[in-house]
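Going by the order they are written in, the chains are A, B, C and D; count residues from 1 in each one.
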């Protein structure tokens, strides 16, 4: 039995499968958040999710729109301050997996989320670094989830916001980063992983129906393909069902009109 | 009408009178704590007391035996961590008055609470610095309360734990300390204050019945006396009554035998 | 701690050219205070916030700011802040000088400010383009004990920090509950602290270890129910996620943005009226 | 987070020669854990605590420790720790090497350890005799931005931190309530974290912003009711101030101290038995 699914769903299910149960995961909003919460509702119920709002061990019932939705705090093991979550948890080396996305990635997993064009006079000003450079440096390993296109998978970043393998071949390790760097890049074509020696990202797995040629055409550098290219299974219908239920609940929650019942003003 | 009183009471009442209503006061255990709580119950109801256990704005009903008695937390505006109380409150310059005591003081208000004798092989090992050097450095001004004797008021400290005016004549100011240093030393003879130029402590006020000669005999350096020596009033009977009530309640509370009713162990 | 109307608090404490931190990490964002700054026409402000969002888009688009210190400037979960982009990309309505950090750096900078230190420390491994772009604003130093490479981050000490919180008590102590971001550090780092609150109560609903700011740290408190909308106040009302999505359309074009601000923020005498216009309250 | 008996937790995680922080600032002092360390005869420990008190007097007097890092070592509100003094003044039962700090320095040192930094910073104005006595253990550096004199304090990273707390839930998350001292920083700074708790519950009584240590930071939890006595656990029982006063007599002479330890701590199989012997529980 097969089920129709779109690229976002395939990416999300594939990314979720990269997460082992019990891992401590520092999560960004968007596809990373969807993947982590799918994993938590399927094979990894003990996945520990930390959002950079300081919500630690959170178990949202619907996906948050923002990194600090009330749902994240209400379902968390604890809520700590920003200085704490970045110093005591991330910099102290307590985070197993950092889950990132970006506007641009290069062949060594370095990321740009700052500007397109020149920094001083950008064509497109992006939101900026947030915690991504800190996560990229300190998480034991990094997962990246991004759609492949020549505009986003580029030979040269307009701006290096977060460090992947820098120039490759051990440059990151020699710089003394505590985290190992990007372990996998999940795209809408398949999975890229760093080469063991050069650390250049190469295609190691591909979705059913996707082709190497199409993946190469969507990549701004000459994309290498692993000697043995795995073909990934189609998303498990059970996983898809859980993901769709989660997203339907999310859309309903976010579309709800808000009414505030103000407290009666106190007598002063 | 007169009331009999002892030296501790005279010192405590006199010290309490040094505190202006509304001041933010970082308090040590013992006579400082008694003086601050007396002030809070008499002329300075809005005195803000901070104990180094991180209890901010506390209003104990009985005097604490330790710096972290439950009473201090239960009656506080807030309880913060040790790093916060020392960094965010004291070092940030939020404390108006630091209230200290010590084993030894010299003629410039420098304090020893570390050792008698040699540091490496002391005759008497004292408890040590605690927060006193931090308070002495950062509080806007410092009050000191100590009984005068040739062993405690010394020409040369065995060990300088906390900085007063160092060698005097502006040395503290030139070192860049944010706090102004000891404004008054309340003793069992009267009050000593720094000379405006040399910053050497001199006797500026004396209790009824105390004599300059006796004060000098109890001081290990040639004690100077201010040109106009104020005679302090006897303790106000109302103040004495409040102090005695506070201390009686305290003694009763501290002598109470403790019984713990243990919770029934949970099933595991 | 005087209890002032928000109009009085802003008029009395916020001046042109100051550095102003309106903190709040998604939660407890002081929207009402930001709107009052716009109504009073403050100019040349140096705005500081880890995550400038809609209220900063509005202040920047209305010409209040000439500088921005930040670590992430977007519409959370939605996309761009078009007024912020317009200011940086095209200098409209005026150029905006930016000082950009990572979240961790900015947290360290606030913490240093709150601690009375001129700078704070982070681990340092390799320079990014951000390090190169900002030149000498951060410095590498070596740990004097281990030799490890550290990054020194200069303290942030705003002239004024403005927060929104749930409660103030009769003494003027303020309770924050829920996600606190860097609110506490921003409060302690500031020279002047203004707070808007949902309600005034006799006694704070503050269990042990709650986040309470003592009254003597606060220059003024204003009771502004709903003052965080479209952000939220945990225990009081939820985040208006729908408004954040709608803002994407409102702010995209200069004219529509200006019209919206005119018809909502400027046309309202205060936050209560704005909430009625937005049909958030009855 | 395995739930172990205290005997198993200490046997499995505390080894001779390690650095061990038993934190607690007057409140939540892990007395039961310290007693178990004494019963199991650990040796050559490097004890770390801001305010070593009776439990440290006991461990030092029983020969468990050869090093002490601390900022204030006394019997709070009472006076001396005679066993600590005997070790420093006369090397009995063995010499004790000390590394001494101020409270603020030690707080910074724990916070640096908790933050993964090799050192932390403080303002610095003039050297005291403490600075001279400890020689190079602290270092002066200049702020790279302002030139201000700063003191760098090396991080404290204990091999094992042991805390006492009020509750653990079924997942193993731990709640601390009340005065927390540097407990959180000591916990995060450690390589191994052991916790004793008053009780195990289904769900922590943890309001928003409570101090909770997530289960995945903790190596073992042991349920030890009354485990902080004669210190206290807010909401469970009060501080036994009378015992602190009595300790002054017990510890003054070596022989009486040894006899007391023998008849109480060593003669008790565990903390529950000790509390019965002390007539604290029925």
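Just so we're on the same page, a contact is a pair of C-beta atoms (placed from the backbone, for glycine too) under 8 Å apart; a residue touches a chain by one contact, two chains touch by 3 or more.
Here the structure is a predicted model, which means the values were calculated and not measured.
The fewest steps needed to get from subunit C to subunit D, moving only between touching chains, is 1.
Chains making contact with subunit B as well as with subunit D: C. Taking the mean of the C-alpha atoms as each chain's centre, subunit A and subunit D sit 40 Å apart. Subunit A and subunit B have CA centres that are 55 Å apart. In this assembly, the C-alpha centroid of subunit A lies 27 Å from the C-alpha centroid of subunit C. Annotation for subunit D: residues touching 2 or more other chains are 116-117, 122-123, 178, 180, 184-185, 208-211, 234.
In subunit A, 73, 79, 87, 91, 138, 178 are the positions where the chain touches two or more neighbouring chains simultaneously. Arrangement of the chains shown, judged by which pairs touch: an irregular graph that fits none of the line, ring, star or complete shapes. Across the whole structure, chains are in contact as follows: A-C, A-D, B-C, B-D, C-D.
Listing the residues of subunit C that touch subunit A in their complex gives 3, 25-27, 50-51, 70-74, 76-78, 80-81, 84-85, 88-89, 100-105, 107-108, 110-111, 122-123, 125-126, 128-130, 133, 149, 178-182, 184-185, 198-201, 223, 225-226, 229-230, 232, 234, 236-245, 275, 280-281. For subunit C in complex with subunit D, the touching residues are 112, 116-123, 139, 141, 143-146, 148, 150, 152, 154, 176-178, 180, 207-211, 234-235.
On the subunit C side of its complex with subunit B, the touching residues are 114-117, 171, 173, 184-185, 188, 206, 208-217.
If you check the complex, the residues on subunit A that touch subunit D are 22, 24, 48, 56-57, 73, 77-79, 87-88, 91-94, 138, 178. Across the interface of their complex, subunit D is touched by residues 29-30, 52-55, 64-70, 72-74, 79, 81-83, 86-87, 90-91, 114, 119, 121-134, 137-138, 157, 159-163, 166, 172, 175-178, 253-263, 265-266, 268 of subunit B.
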